[in-house]
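Quick notes on the structure that follows.
Chain nomenclature is as follows: A, B, C and D, assigned in order of appearance, with residue numbering initiated at 1 for each chain independently.
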Amino acid sequence: MAGNSFGNLFKLVTFGESHGQAIGGVIDGCPAGLPIDTEKVQQELARRRPGQSSIVTQRKEPDTVKFLSGIFEGKTTGTPIGFIIENANQKSNDYSHIKDVYRPSHADYTYDQKYGNRDYRGGGRSSARETACRVAAGAIAKQLLKDVTFTAYTSAVGDIKLQKKFEELDLSEIEKNPVRCPDPATAKEMETFIKQIRSQGDTVGGVVECVISNVPVGLGEPVFDKLHAALGGAMLSINAVKGFEYGSGFAGASMKGSEHNDHFRTDGSTITNFSGGIQGGISNGMDITFRVAFKPVATLMQKQKTINAEGQEVEMQGKGRHDPCVVPRAIPIVEAMAALVLADFYLLNKTSKI
Amino acid sequence: MAGNSFGNLFKLVTFGESHGQAIGGVIDGCPAGLPIDTEKVQQELARRRPGQSSIVTQRKEPDTVKFLSGIFEGKTTGTPIGFIIENANQKSNDYSHIKDVYRPSHADYTYDQKYGNRDYRGGGRSSARETACRVAAGAIAKQLLKDVTFTAYTSAVGDIKLQKKFEELDLSEIEKNPVRCPDPATAKEMETFIKQIRSQGDTVGGVVECVISNVPVGLGEPVFDKLHAALGGAMLSINAVKGFEYGSGFAGASMKGSEHNDHFRTDGSTITNFSGGIQGGISNGMDITFRVAFKPVATLMQKQKTINAEGQEVEMQGKGRHDPCVVPRAIPIVEAMAALVLADFYLLNKTSKI
Amino acid sequence: MAGNSFGNLFKLVTFGESHGQAIGGVIDGCPAGLPIDTEKVQQELARRRPGQSSIVTQRKEPDTVKFLSGIFEGKTTGTPIGFIIENANQKSNDYSHIKDVYRPSHADYTYDQKYGNRDYRGGGRSSARETACRVAAGAIAKQLLKDVTFTAYTSAVGDIKLQKKFEELDLSEIEKNPVRCPDPATAKEMETFIKQIRSQGDTVGGVVECVISNVPVGLGEPVFDKLHAALGGAMLSINAVKGFEYGSGFAGASMKGSEHNDHFRTDGSTITNFSGGIQGGISNGMDITFRVAFKPVATLMQKQKTINAEGQEVEMQGKGRHDPCVVPRAIPIVEAMAALVLADFYLLNKTSKI
Amino acid sequence: MAGNSFGNLFKLVTFGESHGQAIGGVIDGCPAGLPIDTEKVQQELARRRPGQSSIVTQRKEPDTVKFLSGIFEGKTTGTPIGFIIENANQKSNDYSHIKDVYRPSHADYTYDQKYGNRDYRGGGRSSARETACRVAAGAIAKQLLKDVTFTAYTSAVGDIKLQKKFEELDLSEIEKNPVRCPDPATAKEMETFIKQIRSQGDTVGGVVECVISNVPVGLGEPVFDKLHAALGGAMLSINAVKGFEYGSGFAGASMKGSEHNDHFRTDGSTITNFSGGIQGGISNGMDITFRVAFKPVATLMQKQKTINAEGQEVEMQGKGRHDPCVVPRAIPIVEAMAALVLADFYLLNKTSKI
């Protein structure tokens, strides 16, 4: 409720605005006895961090996570894991120009309508800065699910699309380029395009693909909490996401049943995987595959017409340091949310049979 | 938890297997004092009912809803609304042939792995019969949101796609043809194609579009429970759904920010609506638009190879009466789930400001 | 939320008014593979049933539970267990005299203030008839926790108090007398007193004690969901309950620490049990002991002054068949709620360690 | 779930161990636009603070709350209110003597059994230090319910009991003595007794009474979430609580219906208030009255026999600075929990009628 909690058994609540003193969160329900490598948490945050490469926002945020509870002598104790990430770079004065202005396709107008007031500095709570907490918590979830691998990568930037299928890719290439696309040639093309878009003061959208391997059979709950419904809801909760599809996705809508059905091998695995690793809402042990569409960032370094809180037309232009394309930094966020979903279902599944 | 509940304040829990005595549900949290037209509930069920036209399954199920509580002298009392729908047509013997067989791309294998046993008759709990309860509850939610209109329609069947945009369509045509496509010519083409597919013992997928109009500003919660995240999760929980997109959707990923931003009019409405009526996870008063991809039905009237519970290869063929394409009957389900989501956020929004 | 759901993992939602067609409920989260003896469920309902003895209400209600889903070939399937209990004895005309009258110390006034209208027939939703659903669900929870024993009994009726401690009692006596007091002499005294009170058209309160034995160590969650907090909340949710204490209870408030501390044996058990089987909110394997205070029934067979919905003074007198003392019939309800609480924590505890 | 969250709409999650870097919490769901006086929050914390008087623990903890989010320009924004309270006084070496020892009637044994490991420093999560977060959050809830007054006081310490009824007391006396008993003579007697008990290295229990005045009619939900069930569960979740009763409480169990019924005045108020301000689980506008029993503190400054983690008998003695009686410092905690319960139901009640 009220939207700041995620999960039922492995539960995360986050708090914090982009320009407050700190953001943070609480993980409630992580089982006791789990060894925690805090360095790995920091590494995940580094993948999401501003300023990490030449094609992302040049804001400086070290994004150092500080764990305040729930970990003792290197292991979880079963008590809530509280953490904070201080906001190092609170240039609040950057935002005075938008105090009374509703930026197009931002959350300014809807927040004001819903709440009657808002912290207008840098988007406040609606800023994607909040996703740092998701990445920190997701890094804990990954450690709980240590045998499962979560691999997301950039598959499209604007009209530049990765033409290869997952099976043909060398995933070790992902972190070698700033775009996080596993095909070096396509990655280069995307990088060039993002720089060109930025030089125009414009922005561009993109698509992230994610593959989850080595998933235990049986995760997910029938009816309303199907595994893909939870994954879809989780992905759609990430800032700027416009669509989600898994397995055959929208392309599956054009197919015939005789083409689409995944036939079994005698070990229970399937020859094809149009199901995307999920049948009847429950993982079947095959790779879980899904794609997430991100819209272009709404903040432009161009003049735009818009309105203010009094309903008057005004002209505005983005200031500060923004991402021309969110997709490269969204990769660890997609993985984190996937890990949070699976951790939750992993715990719940312990109660499915007597 | 355990997957059979939906919503937080306007909450639905459903129960029942396709071949048990009855399915049913409980709505907890519907405000008191709401006049209920039970005939309208029955009309919604009729739109989902088997046997309603020549292109859907010819099973006979009257799907008569019986309200057991929570409504007194024509109005809700604030107490839970319990209801049941009896299973009139329980031909359990139809299913003995699949008792030990895992049908391809069904939930048989995953249920057995997760639970250790299952009610194999007609899919049991994994049958789409369960969605009748969603439609009944959604019809109550629609009455709570009496000023909001929910309009879903078929926009694709296989490769046959509606070429017109929402604004160009005559929505009064939707219920005039069995496919529920608002363009009569395209509807005819789809109908013919579905019949042809059925004559081959095959099935086909499709796409449903939905437009929600006259939505109050302010529905939806930031961060994890964004309005579109809840809508996406709800749609993905419907049987056979593979993808969800809203507003510009996947196409938005190819766009530039300068094209995609929705500019304000002075009254707070926007000139374009790539945002799909939702900004920062909160409704902005514009039409909410989304699309849902359905895969082809997995039950074919063709011989298929598969395995049984002992991991042996067997041959099977669908029996009974199944839909060649679920999309026409999915229309009221999509609307119902949308209404349940909005009813929940509508109540929650009453607590957002002092 | 909205008050009709109980539990998180072993979850019960109930519905139904005393004079509607049926009451019922849904258990969501019962693990798959549990053999269910429906006869035992019926036996528990018989202990709560009206008309079972000469000292309880003489209403005739067979209270036959009908399971509609979730059980297949004698075992749970992991899907929700829906059930209904038909209201056989709906003498709605008995209640026309209180349609506009607020009975003293009933829920009439508060329901009308909260909801604006109510089903006035026999208390509607506020009737203790609802507890039949708790007993049915509790009987399933008891089968899940088959090694745990739940034993409640009457320990006081008005000023007549059982003087013996739990250890001195012969619990096999409980079901041998209509009061459900394990000491035959005290039981006889209580029975005589209840009959005398009834002959005066009056009612009387009482106390129920409950002992839960053979509880696994580790049930309960620290901080807000301590085992005794959940038990207390559960008991206080039963109609007419005014107080709850566990272990040393209110008497413990007069004790010194040097008297109250329970010293360990080397096997981890304790010599005394002032803790009531719970330390830090978590079961320690000792007997869980608690007491529940019930107020006298508010419906009297005497003339009482009260007010009507217009705020005018009126005179009223109870009609129909009511209990002079609820305690004897409350015994299975107390046990059922205790079983529901423990079942929930039992499942949750499966997730406490890696 | 997992026990560290409280409430549904006005929701608090807390984290932190007594000897970690900080404790803290997140309030999710506080409506936007509420002016927050942080000084009042600090004043409530001062009432719970160690070292505040000569009869409580002499630990030094400033208990300064730091709000990190959710408040902007003096008002709530509708986003989560994150806060931390640093642990100034982490004398961890004080606790090495109990690292492997299970203190009698503490949570050491049950935590180890449940979680397999624990932060043994000062009770870790099971320390009452956690209640500081409840007091901070409760102080916000009180500001939301600005017209409601919450007044708790000490009514018994050991066998010394306040003989006056609520109506006879001068509540302005409560904060004038360190025991927080509104009758100066009884307060003096209690104070003397506590000092005497402390000089013996012993501890003693007590009783807190609470009166909530000016409560809106209609708060509370029927069936499982009755207002008194929620209050009882909340109070029982406070460390050391053994019992809860409201209105007539356990004494009501001895009464006849003809004595216990609260008769209406024509304005809907009642002449007596055995109901304790709640009928059918819903507030009726009268004062809500309840009593909470606290056991004596388990840590004694005396030698006690106990066992260690290997099941060997060992001798131990409390070190450090502990309360001889928790009741004086529990007063603001009782009020805080009551405020949290009412705030939650206050918000929920906004959705009860159309």
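To be clear about the criterion, contacts are C-beta pairs under 8 Å (C-beta built on N, C-alpha and C of every residue); 3 or more make two chains touch, one makes a residue touch a chain.
Per UniProt, the chains are A, B, C, D = Chorismate synthase.
Computed from a predicted structure; not experimentally measured.
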item	value
Set of chains whose contacts include both subunit D (Chorismate synthase) and subunit C (Chorismate synthase)	A, B
Of A-C and A-D, whichever chain pair has more C-beta contact pairs	A-D
Whole-Å gap separating subunit A (Chorismate synthase) and subunit B (Chorismate synthase), where each centre is the average of the chain's CA atoms	26
Mean-CA-position distance for subunit D (Chorismate synthase) and subunit A (Chorismate synthase) (Å)	39
Whole-Å gap between the CA centroids of subunit A (Chorismate synthase) and subunit C (Chorismate synthase)	46
Contacts with two or more other chains, residues of subunit C (Chorismate synthase) listed in rising order	1-5, 8-9, 14, 29, 32-33, 78-79, 114-116, 125, 222, 348, 352-353
Topology of the chain contact graph, where touching chains are joined (line, ring, star, complete, other)	complete
Complex contact set, residues of subunit D (Chorismate synthase) against subunit B (Chorismate synthase)	8-9, 29, 31-34, 78-79, 144, 222, 347-348, 350-354
Subunit D (Chorismate synthase)-facing residues of subunit C (Chorismate synthase), complex	1-6, 8-9, 14, 102, 104-107, 109-111, 113-116, 125-126, 130, 156, 158-159, 197, 202-207, 217-218, 220-226, 228-230, 232-234, 236-237, 242-250, 252-268, 270, 274-276, 279-284, 293-300, 302, 304-307, 311-313, 348-349, 352-353
Subunit C (Chorismate synthase)-facing residues of subunit B (Chorismate synthase), complex	1-5, 8-9, 11, 13-17, 20-26, 28-29, 32-33, 66, 68-70, 72-73, 75, 77-82, 84, 114-119, 124-125
